[in-house]
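Two complexes come next, and they have one chain in common, chain A, joined by chain B in the first and chain C in the second.
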Partner chain A sequence: MTRRATLLSRLAAAVSIVAVVAAIGVMGNQHLGYDGKIAPFLVPGRIGETVTTRTFDFTVQSARLARALSAAPKPGAINAPPLTTSGIWLIVHARIAARTAPVRLMSVRLHARDGDDYSAARNRMLDMKYTRWLLSENATDPGIPREGWLAFELPPSRVSGVRLRVASTFGDASLDNLTDIDLGIDEARLEELQRDAADVFVIGKDTP
Partner chain B sequence: MHILGRDGTTSAGMFEDWLEYLKSWRSLSVLGVLLLAGILVIWQSGGLAAVPRQQLPVAKAGERVVTDDWILRPLSAGVSQVDPANGRPSETGEAWLVLEAEVENRTHATQANVASALRWQRDPANTDAKPLASNSTVLLRDRSAMPALQPAMPERIALAWPIPPGERLNGEQTWVLIGRTWVPQDSLSGGSGWLRPHDVALVHFTVADPRPAPEKAP
Partner chain C sequence: MNRTTWRHWLREQRLWLLGCAVLAPITFAWPAWEAWQQYGQHRPLLATDVPAGGAATFGGAEWRLGSVEILDPKDIHRSDVAPPGTVFLVAHFSVTPQPGSDPKLLASCDGRLSDARGRWWDATSLWLGLRLQLGCVAGFRDGKIQGPSVGAPWHFAQAFLVPEDAAATARPEIILPPLQPRYLRFHRR
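Right after this comes the complex of A and B.
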């Protein structure tokens, strides 16, 4: 083998090694990672449309804003003061229909345009006067659709562009369907909603 | 066995000589002496001593302490006889140590575990004792219990710890402010999350128990 041929064969070997290492690097970066592998399957939709997931059909009927939130008490019950917020309440009225088995919404959140997730205000609404109206606190049986409310607190600056994400599995809805419903709130609609925002919105009394 | 290079030279001779040398008692003795000398130097320079505890910075009342996941601003503390669960005065003489703070969630999702970030160091002299998380968190603006805190929405909260019956709590109390780190890929589960809690700062408040001292047994 001539000196030139030896050099060429060594160069080819070096290039091959670099190419293989680079390919391994690229493949490594393409790897989804655990979060990616168990990510939920988003089911897109818009306000007014029915979105079909693995376990339920879901239709958002309206979305509005309020500065404080209350609920119609049961007769004779103590009427606690309204729930205030340091931001604004976004209240969603929706309909859920279970498909084959009783279903309950376990993961309920708003996904803001900047990527932040705002979970429904469940801890603050454990009183019976709220829970009977909330979709997240009641199971729905197949054949008996339910209409109700979901309530969220968020800064007014994050309302524009929010998407509603609900699932019947807990937490991040891993490997399950997660709705991704555009509530249709652009800047113009936000101005309109802010203008019409109730000082105290009474769930169960005020119209959706 | 000799290994011949492309140019015909042998590379095995020197290697075998080294191997023979390393096998000899003389080389082992030299290695042993070097090892002992190394350990001695490390020991004398304090390398085998226990790692000193990290001296945490002390925050003042009202000072903002920024961790990766929270902005914590302890405001005041005291002993209260108001039941944090319902906002009414206790009828059974119970009292709670209450810390008021302004907190802001810096993560990208709702969090309900602020009690883990502000813990009471019941006995600061006992540094092995873990600081205690409150079992009662109240949103001050409407007394909602156990509020979930939303991103970018600062809130004033009160955290309460029950004071054991017969005990009076007076003097300086210490809280530890704790942060967590965002781990993109946890080595246990492979998933991401806010993990690895670590102490970030201390804050001290002097409290006075308004209740009369308990009567001593005869």
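Right after this comes the complex of A and C.
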């Protein structure tokens, strides 16, 4: 073998080694981290569409804003003052239908455009007059769909572009379906919703 | 490698090859079996079917499905909690503990209802205003908590809120969580 041939052969080997190492590096960077591996499977949808997840079908029927929130009391019950907020209430009316087993929404969040999440208001709404209307507080059985409300308290500046993410598993809905429903609130719609925002929206009395 | 050397190689390596043929499936099957067992500890997966009118021994007791009633919510004045198109199904059971049965195991009992489409329902906790021993094995009777005694049938009922289309064919089930994945599934006809 001539000296030139030997040199070329060594060069080819070196290039091959570099290429393999580079390929391993690229593959390593493509590899999902732990969070990526256990991430939920987002099920996209829009307001008015039925979104089908592993355990339930979910349809958002309307979304509106209110400056304070109340609920129709049961006859004879004490009517507590409305729930006010330093932000604004976003109230979602929706329908849930369990597929094969009883379902309870364990994770209910609004995903804002900047990546922040807002959980559904629960602690302030533990009164029976609210819980009987809230989808997040009631289980749904197969064949018996339920309509109800979800309420969120958030800064008015974060309302535009929010997406509704609900799941029947706790926390981040790891390795399970998580809805990703566009509530259709762009800047123009936000202005419209703010103009129509009720001073006190009464769940169970006011129309969705 | 020609045919003679290939055969020679196979003969020489036969023990290793045999070992691989046995161990390779085991390396997949063993963890899969363990994972399935762990999964089944928390889920009723293996039904023991009980024919209509029959009884089955489960958890050291004999279980029997008596009658099944379908109640219109209007008839029991509970249409306020039952959405349109739903009925209450009440399944009447009896359980007779056998000598040596574990009362704690029997007291862990859960009732469930399933249909042929794979849907299932938990017993409802709604107050129905019925004069029945609702719940599972232990219950509040004559002013104190009581449970079944050996050899004596204990009667109880489980109530379910179900869609009308499921009521005619749904099968009541009895689950003892420590004995999962096994459970009893009672046929009605």
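General observations
The rule we apply is simple: the second predicted complex is superposed on the first by the 183 of 208 C-alpha atoms of A that agree within 3 Å, B and C clash if a C-alpha of one lies under 4 Å from a C-alpha of the other, contacts with A are read in each partner's own complex, and residues count from 1 in each chain.
Note that a contact is a pair of C-beta atoms (placed from the backbone, for glycine too) under 8 Å apart; a residue touches a chain by one contact, two chains touch by 3 or more.
No experiment lies behind these values; they were computed from the predicted model shown.
When both complexes are superposed on chain A, chain B and chain C fit side by side without a clash. When the two complexes are overlaid on their common chain A, residue A:Arg54 makes contact with neither chain B nor chain C.
In the superposition on chain A, contact of A:Gly33 is made with chain B only, not with chain C. When the shared chain is aligned, chain B comes close enough to touch A:Ala121, but chain C does not. When the two structures are aligned on the shared chain, A:Ile144 is found in touch with chain C, with no touch to chain B. In the superposition on chain A, contact is made by A:Pro155 with chain B only, not with chain C.
Residue by residue along chain A, chain B and chain C are tallied for touches, and B comes out ahead. In the superposed pair of complexes, A:Pro81 makes contact with chain B only, with no contact to chain C.
When the shared chain is aligned, chain C comes close enough to touch A:Thr100, but chain B does not. Between chain B and chain C, the minimal CA-CA distance in the chain A superposition rounds to 20 Å. When the two complexes are laid over each other on chain A, chain A has no residue in contact with both chain B and chain C. Within the complex, the chain C residues that touch chain A are 83, 85-86, 117-122, 161-163, 165-166. Chain A makes touch with chain C in their complex at residues 99-102, 141-144, 146. Within the complex, the chain A residues that touch chain B are 33-35, 38, 81-84, 86-87, 109, 115-119, 121-124, 153-155, 158.
Across the interface of their complex, chain A is touched by residues 108-110, 112, 139, 141-142, 144-148, 150-155, 184-185, 189-192 of chain B.
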